[in-house]
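Each structure below appears as structure tokens.
Note that chain A is present in both complexes that follow, paired respectively with chain B and with chain C.
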Partner chain A sequence: MQIEHIKPARSGKPAGHLRRTLVRDFKMNKWKYLIILPVIVYFAIFAYKPMYGVIIAFKNYRPSLGILDSPWVGLLQFKLFFRDIYFWRLLRNTFCISGLSILFGFPAPIILALLLNEIRCSWFKRTVQTISYMPYFISVVVICGLIKAFCQTDGVFNDLIAFFGGERTNLLASKQNFYPIYVGSGIWQSIGWDSIIYLAALSGIDQEQYEAAKIDGASRFGQMVYVTLPGLLPTITILFILRMGGILNVGYEKILLLYQPLTYEVADVFSTYVYRKGIIEANYSYSTAVGLFNSVVNIVFLLLTNGISKKVNETSLF
Partner chain B sequence: MKNLAQRCAIALTLSIGITLLSGCSQSGEDSASSSKVDSGSQSSAVNSVATEEETFAGYPIETDETISVWCAGQVTTLHSSYTSYEESPFHIGLEEMTGVKVDWQAPTAGTDRSQAFNLMLNSDTLPDVICFTLFEKAPQYIEEKIIRDLTEEMPLYAPNYWALLQENEHFDRSVKTDDGQYYAFGSFRESEWAATYVGPVVRKDWLEEQNLSMPETMDDWDEVLRTFKDAYNAQLSFHKGRLSPGFASGYNAYASLLATIYVDDNQKVQFAMAQPEWKEYMTQLHQWYDEGIIDPDSVTLDDAGMRTKALNEKVGVSCTAISQLSNWVNDAKSSGLDADWVGAPYPVKNEGDIPCIIQGEDTISTYAAAVTTSCPDEKLELVLRWLDYGYTEEGYMYWNYGKEGESYTMVDGVPTYTELVTEDPEGINMALTKYVGTTGTGLAVQAENMVRQKNVPVCIEAVDTWTSKNQLSDHMYPSACSLSTEESTEVSTIYAPISTYAEEMALKFLTGEESLDNFDAFLAKLNSMDLDRYLEIKQESYKRFMVR
Partner chain C sequence: MKKSAGDRIFDIINVLIMLCLVLITLYPMYYVLCASVSSNTYLVAHPGVLFWPHDFTLGAYKMTFQHPLILSGYRNTLIILAGSLPLNIVMTLFCGYFMASKNVLFKKYIIFYLMLTMFFSGGLIPAYLNQRSLGLYNNLLALIIPGAVSLYNAIICRTAISGIPDSLVESAYIDGANDMVILFRIIAPLIMPTTAVLLLYYGVGHWNSWFSASIYIEDNNLLPLQNILRALLIANSDILGGGESVGDEYNSYAETIKYAAIIVTTVPVLCIYPFLQKYFVKGVMIGAVKG
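Moving on, here comes the complex of A and B:
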């Protein structure tokens, strides 16, 4: 102990220097440090401390033994997970559902925001906005109840299909319809809410740029393409990177409510499979391993998108 | 800290256990030997009562101690008009009757029960009594010193419960481990009648209009369905979870669309969907589906959707639960329809046969109460006496009917609910949860009479019809079979893919997306998924259960 104490003092020039700098900085900015303290404490307690629990992914966790005393099993949980005969199907479905949601669901609120931005009549604009974000507040259970009723052979969608001379079928029972129904209802539910942030970004664009563009002879559409969109680009990029960071997080409650064995082939994802396995309660280690796998894939995608974006348009998270 | 406490507890338990062993070996042998002799059971009961009377003065017990009970079940679910157990008549009454104050603990409403249970197991001190689905993991819990092995104490301090176990082999088997350690107080049903609540239903008024008699064989059902389709454009609609086992008995099959195991005539555990009978049954279902006799919406229907279909007169035949049946009947009445829904007997292959299987649960509920190692030895007797109360004659009446003169009176020797219960504005089912402890799972034997009184006549008749020709337990896989740690890990790994695949294929066979010509390929795939190993584990577990 003593030796350790002496050591930095003897070879202490850089260390001592650093300490002095730190102390000075601390004195100078003590209020700022005080302000950030609760945030640091929050993350330390609620985000970093529980992280050690992740080790149960490598253990055979038994509630009666506790996290530290449970026996180590190495990669067993991961092996069980990767060797499951449905692993590839689940992975494919997760990427499909998530990919399609991003492909169609991501641009939708941007388009809505752009369209709303072009409306000059303010009460109409506000009404459309309010109505479009209302579905966001309806519980997913109710939404799925509605979807199920609409998709039945005697439901609204089938009434429409029959009106145009089609044949009545149970829409939710066929594999081809699952993605359109899932993604479409997702867009319908969240388009209004998600567009709010873009509308906020739009209001930050300098009006003088529009005037300049007008003088240069830009049409309404030209203004949108050359002024509005570039103005939105940083917001779009950041949101896109964040979205990619959650690529494996699909809304499994909704899938659980909408799928059934006939559509397992396209709709079954990791979270629903693990749920059916009844393993969430019984085997914490296994579900932690699945969760860890999800997080790793997510972070890889986040870093990848972030890196590409940094190179291409110089906007990035970090 | 926890470790130290645990070790102390273990040491204590051990030392007390040894003293008990040496002190009680005499009486232990006595009860063991007398229980083996059937005719001697009565005299032994008298004996034990005689010895009990010296030490136990009966209920209410005079004590100041409080026992804590954690339970995720009916017992701790308060009626919505009460905010605490001190307001709930059932809980107040139970305290008066037993003389023991209880600190009831329950998971917060809306939380996942299993998760709450596991969290509770993690805490440093456990409640004295825990009540949850314990059977499958009980040996593990005993080994890990979470719950107590009560083999020694149960006959001494819970004589009434012990006597009940001596009389009923099935109950007895269920509440001990494969090694014969008694640990649980079960939640029992008096009869198989009360364990049955799902079955085929049919519009009786339409049967009469078309001059058809109540269908028995699959040919009869075929005729009924076709007639209904032609006459009323009505189909066979169902919630696929309720079609279990559905019409399977008509082909001597044991499952419809849910992965099911059963015990065959040779005591072998079988996977219902791997049998040729099931293929035959599915062929019929597919044909019905193809001809538009089965409603294609059935694949996605839930109870609410079914209810709407029934109200819109789009269904003539279905398979449903009595809770739903009473809804349909009420709907029809309030909207002025003539719909007369009745329960229909489970179909049989040849006229006069007995249906091979009907829906039903085990007569023991999966919920059971166990005493934890946190309960100190001094308190053990009190806790066991309190648990024993539900199995006394007086306790049976209280748990099932509440207080005499208040919630029930004796009419011609039969306990009958008073208007306080029957005329409650919320209906008898809700009212009973205020005064009675066995509507779901209780720490007592659930009386059949209670179940009969709380249901409307059409439901009672339906259950009578469904159960009239079958001994439920013949082919049912018992719910109290237990697995070792290794076995349960293996089962959970093997079974998820099997059930996913089987249920997926079942629906594909039904809709015709997959041809039944591929049935052999289906079997081969199941076998490649280690179905044999799964059945082997289940078979072993069943064998151990049967020799308990």
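Moving on, here comes the complex of A and C:
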């Protein structure tokens, strides 16, 4: 009844109605808009303004001229980048570091969660969990400082190598050791923290499935592989998509702290190159173009994995 | 039910793996602790695996607390925390409260405007130029204002606020309270555990961050603790050994002071997190489900 009554008024005076709605909304939610205003302003200044600043990738930016008045150069910066002698090296290293981190780092917390789930003694389980979160709270600087100290010729790792009859070397200075050190320390840092989400998902698995598996004669290991793991699959898929979407997003902090000119050959990635070109050498337009290329490839990867996952197992982000 | 032999072996292997994990996780910190109270001469001559402290001394700690740059680093980090945390919490509450509100005409568009920044960003260089153009350079505000709110944390906050029954808020409206009063007098006290987790997230973030300071701060006296640690541990920079007040005495602790400095910067955080564990586990779940 009421709806029918209002309808003609709406179509009759749309502008007036719209104004009335706006005024009423503003009166009612005045405080809510006031509350969100600082947040909107903050994002305008610190997120949207830099997004506009990306146009310097298509310009020859000179600080004295400012963003607007610097001359346009079209795709020149990108052409220069694709011809850069380091382009292939950066691409290869980024994919290698990221790929290896995913290959070894992604399953690690899943395995930890599965194993923790099988521990019956609850105080032991809780203690292991608490300890496993610890590295997450230690700063990257400290972690890299320790890696550096442990990798020295007379450090802890070399003591172990010498104990097993190997030869002492400065591990961080050699190219072939960079990936194992980077990936290994990454797992050490995040295995506990990343397992939280899987442990949470585990509590949602139907207990009856375990009963059924037991009746069918599955061992504890069997239950883990045939009941628990499939139960985790949706969570694993979502996190895997997110991880793949960030495949070119190698964190620069650890690499900046660990690499040295000797290991640039294997350790230099897009983000560290952006840092060196942009911040150190003040080559702003060029480094912005490198960064933009990086993010575009990232988005493509996110959409690609999402699409594949939608086809294969009907779980997707969007 | 009787355990089969296979299950028993599985249990034993499982516990052994867990013990290995605990050992690998704890040993580096144990090593640091031992090294920090050992004598410098021993550490220089005999590094490598340490099982216990050698020639016990607290000299390195004394040196750490006397060093002007470590002290100024501590001071700067504390100033940054004191300035950022209230800002972080207020902005996150604002953002979370708005996201949880109902019957707001432009809510959808405003949330879209906010969320878009989670997927797209200008990147390092435009952000750097932006900050320099705003004058946020070589002062501590450069480390406080950017990063005032993280949307990931705002989503955690939104979820906590959504859990509060509507009737509570409505009765406050009837009593004539505005949203600001409701947010700070009614909602904030009710979501205390979530606020504690947000404080932990933001606090640990500020405490452990070094990169921003390394590009926005030029003055050594303004550097936060982590950047001093970086000079000490990674760069082997001489900014710490110089100066008249230190010098020879510093050099006699040059190796052990590194470890003492790690202990005094890392232990505060490591003492806090176990008490908040129950809450941050929940926080991770919320963030993962909604994000």
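Keep in mind that, in the parts below, the second predicted complex is superposed on the first by the 248 of 318 C-alpha atoms of A that agree within 3 Å, B and C clash if a C-alpha of one lies under 4 Å from a C-alpha of the other, contacts with A are read in each partner's own complex, and residues count from 1 in each chain.
Assume contacts are C-beta pairs under 8 Å (C-beta built on N, C-alpha and C of every residue); 3 or more make two chains touch, one makes a residue touch a chain.
In this text the structure is predicted, and so the values were computed from the model without any measurement.
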### Message
Applying the document's definition of touch, where does A:148 land relative to chain B and chain C: first, second, both, or neither?
### Response
both
### Message
For A:261 in the superposed arrangement: first (chain B), second (chain C), both or neither?
### Response
first
### Query
Now for A:42: first (chain B), second (chain C), both, or neither, which partner does it touch?
second
### Query
In the superposed arrangement, does A:276 touch chain B (first), chain C (second), both or neither?
first
### Task
State whether A:62 touches chain B only (first), chain C only (second), both chains, or neither.
first
### Query
When the two structures are laid over each other on chain A, which of chain B and chain C touches more residues of chain A?
C
### Query
What is the contact status of A:287 with respect to chain B (first) and chain C (second): first, second, both, or neither?
second
### Task
May I ask you to decide whether A:85 touches chain B, chain C, both, or neither, giving the answer as first, second, both or neither?
first
### Message
Let me test your reading of the model: by the given contact rule, A:236 touches which partner, first (chain B), second (chain C), both or neither?
### Response
neither
### Query
If you lay the two complexes on top of each other, which residues of chain A touch chain B in one and chain C in the other?
63, 145, 148-149, 152, 154, 278-279, 284
### Task
Using the touch rule from the top, collect the residues of chain C that touch chain A in their complex.
1, 4, 6-7, 10-11, 14-15, 17-18, 21-22, 24-26, 28-29, 31-32, 47-49, 91, 94-95, 97-98, 101, 103-106, 110, 113-114, 117, 119-130, 134, 145-146, 148-149, 178-180, 183, 204, 207-211, 215, 226-227, 229-230, 232-234, 258, 262, 265-266, 269-270, 273-274, 277, 281, 284-285, 288
### Task
Could you please specify the touching residues of chain B with respect to chain A in the complex?
2, 112, 114-115, 118, 121-122, 141, 144-146, 240, 257, 295-297, 299-302, 304-305, 314, 488-489, 492-493, 496-497, 499-500, 503-504, 506-508, 511, 513, 529
## Note on the structure
As the complex stands, chain A meets chain B at residues 62-66, 80, 84-86, 145, 148-149, 151-154, 169-170, 172-173, 260-262, 264-265, 268, 273, 276-284
#### Entry: Contact footprint of chain C on chain A as seen in their complex
21-22, 25, 28-29, 31-36, 38-40, 42-43, 45-54, 56, 63, 67, 112, 115-116, 118-120, 124, 127-135, 137-142, 144-146, 148-150, 152, 154-156, 158-160, 188, 191-193, 196-197, 200, 214, 219-221, 239, 252-253, 256-257, 271, 274-275, 278-279, 284, 287-288, 291-292, 294-295, 299
